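Common to both upcoming complexes is subunit A, partnered first by subunit B, then by subunit C.
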Partner chain A sequence: MLKFDFVYLLEQIPKLVPYLDITFLVLILTLFFGTILGFILAAWKLGIRPILSKLAYAFTTAMRCTPSIVLLFLVYYGLPALASIFAFDLNDLSKLFFVVTAFSLSFGNVMSEIIRSSYLAVEKGQYEAAVSVGLTRFDAFRRIILPQAAVVALPNIINSILTLLKEGSLAYTIGLIDVMGKANLLIAMNYEAHALETLLALSFIYWSISIIIEKANELLEQRLSKGRTFVKTV
Partner chain B sequence: MQTLDLHFMWEAFFIALSGAPITLLITVVALLISIPVGFFFSLIRLNGTPILDQLCRIYISFVRGTPLIIQIFLIYNVMPILLERFLRSTHSTLSVFDVNPIWYAFVVFSLYTIAILTEVFRSALKTVQKSQLEAAHSVGLSTCAAYRRIIIPQALVTALPNLCNATTNLIKNTSLCYALSLREITLRAKVAANPGYNYIEAYIDIFLVYLLICSLVEYGFKKYEKKLKAYQCLSA
Partner chain C sequence: MLEVREIRKAFGNQEVLSGISFSIEKGDVAVILGPSGSGKTTLLRCLEFFEQADSGEVLFDDIDVDLRNVTKEQIKAIRQKTAFVFQNYNLFNNKTALENVLEGLVIGRKIPKKEAEAIAKEALDKVGLSDKYAYYPSQLSGGQQQRVGIARAIALSPEIIFFDEPTSALDPELIGEVLATMKKIAKEGTTMLVVTHEMSFAQDVANKIIFMDGGSIVEEGTPRQIFTEPKEERTRQFLKRMLPEYTYYI
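Presenting the complex of A and B:
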């Protein structure tokens, strides 16, 4: 009969925590590239060129229906093959590159929907008013639209960051050693003897990060809604 | 220079498609279990029943705060131990190793979906004003009848888009069943790709199958949503 070893569980936590840096590196790089992609896609969707907006919407539909693990493998196997047609060699690239590319695609898609809906949530009159007092189009966007849209978008953005953090754990499937990958190695090293304790330690690490992000989200929402003034437009 | 093996791709598409019934079976079983339980849990959360509310909160926070793949591994490690103990106590001749992994999948995805749906139902029930229940009471409906005829139809309108999202996410997440060595869409196509290293073709096929299934499900929900719009409370 297997016995549950609580001390072993506690011992696993310090072994796993150092590998959080890779997890966070993936998270931050994905956030960066995903946000850029999100802005581009949102601009296409809202833009006047029908071909680009159709393309962006098709991308969204495709992404929404793809499991992240399938996307990850599609990028991992497909990208080097695609590059080899154009005589580029991507086979020696770090696994980090493929993980970040795959998650940027899916996160960029989520971001594009968030940006689009929050942009639409700001009234058109705000933009017209800004332009009428002499701001350039870019200034109107940067100083008037963006700050207001950001407040609307923030809870959704944080929610999708949480999803990203959890889906990021799948990176172990192509051999990236982050917390999840390390936990798998630890389990394999012990011949599956203490799998349960290691997995519980791992889930506690993820759980605490999620709780911290959620609490930060709540505080931020309170702060932001405090200064907001609602203008009646009837 | 490498080109896609179209012949293999065509064949593997149907191999992947043959895994769809298992994917759908897991989805349907998980939904059938978690819709009533999730609804019950959301009522506990809304009423703030002492102890039970806190337990629900911890459970939901854990499920939503940890990656699904870890939950799958956890169940895969815990269940056989519990099951073995149970089988030994009942002096059954069955062995743990005879258990089809699909049972583990049912457990994992039900537990996961209950947590998601509890939140969906909670936010949907919140949008229905309390006066609706009071009005129903005042005309002599019982609480049960009021929920069935007045509250739920209205709440369903707001819940449906989220329910659709939860369902498509569930379908996508069943691809993680490879960890349970369950032969569904992903694993079938992967195994078919093994001899010839045709992984790209196999993954394109898997992608197409999921695209097909999810689009159909979304289309169905959109249709139903239009029908339900009749119940929407206009003076919200």
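Presenting the complex of A and C:
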């Protein structure tokens, strides 16, 4: 076994960092599409149409029961197979497409539950008060319910984003070269020598990003939670 | 001014309102009395369209609403003329006292910010909260929160204010300040329809008492009629139970 080489570790970091763009691209695209999906699913779950609500809950059950990596493979192999039945050829599509699709489905599901529960956490009476003083339904939602629901949802959302960031590393399993994929390549190119240093370098990168996101969470929470007081016990 | 005809409302098989009719004139302070579960709150909530009544008719000045098929425009028009004070205050928790009052003026009524601010401050001053403009609901006592609720209602200068058990969630020592505020605005000629268990308010401030039981109006009349010579046995029993309880002076 080779001796642990700290300098080697430091050298790996600049080799990995350029591949963060793919990691972030997956993260941001998934956040975008997943959040849209989350709002739609939450609206269905809370809505008055029983069919849509059943459908949304069934989707949630399905997503909860599927491991991320299985879902990723299902989308990567299943979607082109499904599309070929309808004579669409998806085989030339970028791997990014499949990764973002798979993660958006599972992140959308998580978001739908976060949105649903935080919406329910805001007292209904405030909505009634808002419409009775002449606000439209949309204004009541945007100006009264949403800001309060956002405070409730924020810690969960940040948690899910961190999970997503880390699960995003699974993308290398279908050959998308993000920061994880690159680390894997570096290890392979070196015949698995210094694998530990490379993986630690990778961990440092993930830790740094996660800590930044956590700090952002703290700042945002302080900003959003005006008007809230917390029980303090001695 | 406000006339209600044959309002009916059922939750599932349970009929909560079985044909309620009454009318209110401008300047009236009408109090609805009745035991719990008699449909008082549901009646108010139907008039503000928080609940959809099954049938009946609401005539408000020149607006004639058939409750079987209400349009969005009619709901909006009625809400323009009315304001609602809630049992649980229902203040906007993310907004200060002043912003709570401003919200309806600026966003609902589209009154310019400057003008709205003057109106809002005047309303808060009237309920005795001139030193609490910048306080969030969580920093106010129950009585103060409810007075913000009242300020939010009067700022809109509605033609009538509905009060849904405005003191029921309050500590006994805070009830007085809210009742005093209500009395003050009643004396200014505000038309009010009040659901309450506060007999002192009904006796001293109201000019009309409506006694409800089991989803219908048992009898109505002036406070003197209802409190001294009730015609119905059910009214008499209810008053006998309630009257010794009143201990607040306003």
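As a convention for this text, the second predicted complex is superposed on the first by the 223 of 234 C-alpha atoms of A that agree within 3 Å, B and C clash if a C-alpha of one lies under 4 Å from a C-alpha of the other, contacts with A are read in each partner's own complex, and residues count from 1 in each chain.
Going forward, a residue touches a chain if its C-beta (ideal position, glycine included) is under 8 Å from a C-beta of that chain, and two chains touch if they have at least 3 such contacts.
In this text, all values refer to a predicted model and were calculated from it rather than measured experimentally.
Considered on the superposed subunit A, subunit B and subunit C are sterically compatible, since they fit side by side. Look at A:P18: by the touch rule set out above, it reaches neither subunit B nor subunit C.
When both complexes are overlaid on chain A, the residue A:G175 reaches neither subunit B nor subunit C. Put subunit B and subunit C next to each other and count what each touches on subunit A; the higher total goes to B. Applying the stated contact rule after C-alpha superposition, one finds that A:R143 touches subunit C and leaves subunit B untouched. Touch criterion not met for A:G47: it reaches neither subunit B nor subunit C. Of the two partner chains placed around the shared chain by superposition, subunit C is the only one that A:G134 touches, whereas subunit B remains out of contact. By the touch criterion defined above, A:I85 lies against subunit B but remains apart from subunit C after alignment on the C-alpha atoms of chain A. No C-alpha atom of subunit B lies closer than 19 Å to one of subunit C in the superposed arrangement. Shared contact residues of subunit A, touching subunit B in one structure and subunit C in the other, are absent.
Partner subunit C is touched in their complex by these residues of subunit A: 123, 125-126, 128-135, 139, 143-144, 147-148, 226-229. Within the complex, the subunit C residues that touch subunit A are 48, 50, 76, 79-80, 82-84, 86, 88, 90-96, 103-104, 107-109, 136-139, 152, 156.
If you check the complex, the residues on subunit B that touch subunit A are 1-2, 61-62, 64-71, 73-74, 77-78, 81, 168, 172-173, 175-176, 178, 186, 199-200, 203-204, 206-207, 210-211, 213-215.
By the touch criterion given at the top, residues 2, 61-62, 64-71, 73-74, 77-78, 81, 84-85, 162, 166-167, 169-170, 180, 195-196, 199-200, 202-203, 206-207, 209-211, 214 of subunit A touch subunit B in their complex.
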